[in-house]
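In the two assemblies presented below, subunit A is common to both, partnered first by subunit B and then by subunit C.
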Partner chain A sequence: MTKNSILFLVGIAIVLVLGFLMPWVLKNPFYFFVGYVVLQYVTIATGWNILGGYAGYINFGAAGFFGAGVYLSAFLFTTLGLPLPLCILAAAIFGAVLGLLMGYLTLRIQGVYFAIATLGLVVVLETIVHNIPALGGASGMAVYGPRQPFWSPGPSQFNFTVMLIIAAAAVTLARFVEISWIGRGLRAVRASEDAAECSGVPTLRLKLLACALSGAVLAAAGAPYPFYTSYMEPVTAFSLIIGLNAIAMPLIGGTRSWVGPVLGALLLASVQQIATVTISSELNILFVGLVLIAFVAFAPGGLAELFGRKQRRARS
Partner chain B sequence: MKTRRDFHKLMAATAAGLAAPAILGSKAFAQDKPIRVGASVSLTGPLSSTKNGLIGYELWRDDVNAVGGLLGRKVELITYDDQSSAANVPAIYSKLVDVDACDVLFSPYGANLSAPVMPFIKQRDLFMIGMFGLAGNDVARHDKFFHSGPWGPNSGRDWARGFFDLARAQGVKTVSIINADLEFSKNAAKGGAEVAKEYGMEVVFNQSYPPNTSDFSSIIRNINAADPDAIFIASYPADSTAIIRGVKEIGISDKVKIFGGCMIGPQYGALLSSLGPELNGLVNSHTFVPEPTMQTPHIKYFFDRYTPIALKQGVDPLGYYIPPFYYVAGQLAAAAITGSKSVDPAKMAEFLHANTVDTIAGPTAFNEIGDWKERRVLMVQLRGIKGNDLEQFRSPGRQVILDPPSLKTGDLAGPYNKARAG
Partner chain C sequence: MSETILSLKGVEKIFGSFRALGPVDLDVSAGERLGIIGPNGAGKTTLINCITGVYAPDKGSVHFQGRDISRIEAHKRARLGISRSFQIPRPFTGMTVLENLLVPLDYCHVDGSKAERAHAVLASVGLSGRTADASETLSQLELRKLELARALVGNPKVLIADEAMAGLSDEEIDEVLEILFALNRSGVAVIMIEHIMHAVMRFSQRIVCFETGRLIATGTSAEIADNPLVQKVYFGE
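Here is the complex of A and B:
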């Protein structure tokens, strides 16, 4: 294990310990409601980036995977009474299988056609849920989540900690993909798929793997959502906003490394949450649009590259 | 600072200032604090057409503050935009309760947005007035939740019972039901089918359609093929328009005695104005219309002030469906606070459970889960509409109340084709 990897794991461990301790120090539950949403977007942006950032395949279907995770987790919890960790694991496996299937069907097409095909996944899944009474259909489904365990002072704090664990696992997975042979292969695909194929990179297999991993993380991000809202309905679970944020956050943060989506999500989701209860939601949406345009125009590498550039300049 | 004496004076004044709250007592201090009322409103997103309700809240707040507030304290209204998304609701209500320290809560609009907040208020044992959530408290059964909307008990099933009461009186034996594949319309259609069965009517055609359907020609032809005596429709504004236009193009059997039921859209000025005479004959649900049995000086005064604000803000200039009941929500909260002389949730709830409250929408009493004890959903028939002038809908006789009998201002004009011809 390299020095960087050890430092990374120590950092993750510190964040987790702080996450477990924070609910006992910070008494106001509001911060944990907001923190949950921010961490949810850290996970979504990280999951999206495995395929969209590393491999360069723009996926508009993030909301489809997220919604699938929401519904599977709620269904397993309410009908079979499965414990929360198993619900999250099942959602991740389901997301991986869904990603694999989507990959088989769509990865032979590239560019804008791939993006459109992934958008179709959201519509298909939402329509299916609309028509399954066992999942509440259009009326939605009330879900009364599990009682918080002894180590958490309240339900919102518990949801926050669960989401923190998922986010930490997602970031660790993204970093592993990035520094391993998978990441090297995906970077080759992004640079030139034909050249990579000619050089012996198993492009389809790598893309399928990226689809499965991305799908698993996105679905896992949705798994605790029913317990956060205590209610779910298809319009919110498959909301276009989730898909748009999943793209905007890595683009703002930077798509080349695991740091980018984390930075982008922390910045954008925090600003969105603050703006919702301070300025107004219209300005909030305008802000997202303006920031996105500014980054695409002036810093296409995102925040991560901006910081990197500054550091390099400082060193030289 | 000139001298040491000046410094001592300043220190004494500071100490007195800091000690004042303790000397005066917490009671005196609390009386200066406003009573905070918190709500989430859909200012943006698909439900933004309901944002005119905010005018109702604001008028109520201004009225209360103009007479000195409640229990001698001013009322402060704190609202946030939920963007019509259930995902934003938990954090907003936590902000209202945990950061803004609101004493009274109003729910978001409708059942889908209210559902996420129900476990929260039950767990924290908070007092809330519900805004238009059909059967919103039927699952949580929280004893400190009260509907401002006139749905009545068993609203999930009985919302449109008035339509079937009218149909039964006309000797209807067969009925067709169509509904949008969305929460409210699905519930209304399901409840309608149950009531039809209870009344011994045969449902000869029952179909839901995807929410973005714009062409209803095949559905209308299928309804005609089923040849029903009545057609019950649960739709949203865009589909309501398409259905009315589709009927105009294709036509409907002369056998149909009553048509409509639960169409969202013809309650709003925009749709009334755009469809105009095409709405003649339609029997539809509503919450308030300016008929003699409902007009009181209080509600007239409310609309006298609502209309100029609505025109200025560019929202529904009529505002009959939603805004009065947002004002009613405020009146219920005010009655609970002044009646119980407290902002304690248990005492406020106890007062509302035990007393009838006079509101601009009439007297209101509640059952154990906060439903109005008596259903007061109106079934109105649109009649005598000429041209597309919106002002005509402010006069009586355009939206005649057929049900409930206590507010009735006319009898059903039928069959539908005859009534449609005006």
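Here is the complex of A and C:
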């Protein structure tokens, strides 16, 4: 294991320990209520970036995977009484299968056609949920989550810690993909698919793998959501803002490394939460749009590349 | 005469109503230096796309080391030992020069240390000083060298150099030719597709000329230069 990998794992361990301890130090549950959303977007942005960032295949269907995770998890918990970790695991597996299916049907097309095809996934899944009364149909249904365990002081703090664990697992997976032969192959695909194929890279299989991993993370991000809100409805679970943020956050943070989506999500989701409380929740989308335009125009490599460039300049 | 390593039998490629290639019969011997010439649109790049698997031929078959590879995917052909460089360099942007070579090494199962192999190949093409640099920062000559390095790092048996010298000065052409000669000396068959006549004449043991998708002439450099069909293609009646 390299020195960087050890440092990374130590960092993840420290974050997790802090995540378990903080609920006992900070007494106001609102921080954890807001923190949950930020971590949810860290997970979503990280999952999206495995396919959209590393392989360069822009997926507009993130909300489809997220919503699938929301509904499957709630269904398994309320009807079968499965414990929360199993619900999350099942959602991740379902997301991976959904990703494989989407990939198999769409990966032979590229560019804007691929993006449009993925957008169709959200519409299809949302329509299916609308027509299943057992899932609450269009009006949605109330979901009562598990009681918080002894090691957590309240439900908001518990949801926060669960989301932190999922986010940490997602970031660890993304980093593993990035530094391994998988990531190198995906980045080669992004640069030139023909050149990658002629260098021995099994491009189609690698893209399918990226679809599966990305789908798994996105669906896992949605799994605890019904317990966080105690209510689920198609409009929220398959919301446009989830799909928009999934793209905007990695683009703002930088798509070439696992750091980018984390930075982008921390920045954008935090500002969105502050704007929601202090100004208006409707301004969120306007804010996302403005920041996205600014980054595409002035820092197309995102925050990660901007910091990297400054560091290199300082060193030289 | 060495054994045939690559053999095309009646290969045709048709796009809609346009016959881009064929039917073509062509054998390449192990360790041979073969030049392919012809005007723009003659079907040279279509031919190598059919050999490397970017296109599947509509008719005919491609055999490599006696095995029919006509329906095998491009990445599997690369792993078997058919490698190519591209007419317009296609570096893996967002990666360093060294990482560009680690990609084929990750997937082509070469024995020994990947990093050592990559460094050795980069030294052989004169890019040792640029290993840690981003591939976007390379000059045109360096990009051409990177293309060749990436193509040969996986120990190919056949290397197809598609206009590897386009846009280079005479000194730079000499440098690239030297790399290809050295590679050929190690036993690799090199197929050179080129518009720079003095380079292809100097390099090739045998030259084939294409026009409108068909092979119209074959011979040594001198024979091709004197061939009336080739003269007609390049100079008119």
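In the analysis below, the second predicted complex is superposed on the first by the 313 of 316 C-alpha atoms of A that agree within 3 Å, B and C clash if a C-alpha of one lies under 4 Å from a C-alpha of the other, contacts with A are read in each partner's own complex, and residues count from 1 in each chain.
Everything that follows uses one rule, which is that a residue touches a chain if its C-beta (ideal position, glycine included) is under 8 Å from a C-beta of that chain, and two chains touch if they have at least 3 such contacts.
Predicted model only: the values in this text are computed from it and were never measured.
Asker: For the three-chain arrangement built by superposition, which of subunit B and subunit C touches the greater number of subunit A residues?
Answerer: B
Asker: Between subunit B (first) and subunit C (second), which, if any, makes contact with A:Arg256: first, second, both or neither?
Answerer: After superposition on chain A, A:Arg256 lies in contact with subunit C alone.
Asker: Once the structures are superposed on A, label A:Gly185 by its partner contacts, choosing first (subunit B), second (subunit C), both or neither.
Answerer: After superposition on chain A, A:Gly185 lies in contact with subunit C alone.
Asker: Does subunit B (first) or subunit C (second) touch A:Val201, or do both, or does neither?
Answerer: In the superposition, A:Val201 contacts subunit C only.
Asker: Please output the residues of subunit A touching subunit C within their complex, sorted ascending.
Answerer: 181, 184-185, 187-188, 190-192, 194-203, 256
Asker: Any idea which subunit A residues touch subunit B in the complex?
Answerer: 28-30, 33-34, 37, 127, 130-131, 137-140, 142, 144, 155-156, 225, 228-233, 235-236, 239, 241, 273, 276-277, 280-282, 285
Asker: Under the definition above, what is the set of subunit B residues touching subunit A in their complex?
Answerer: These residues of subunit B touch subunit A: 43-44, 46, 80-81, 83, 85-92, 94-95, 98-99, 111-112, 115-116, 118-120, 123, 139, 181-183, 186-187, 210.
Asker: List the residues on subunit C that touch subunit A in their complex, please.
Answerer: 52-54, 73-75, 78-79, 83-84, 86, 90-95, 99, 102-104, 106-108, 150, 154
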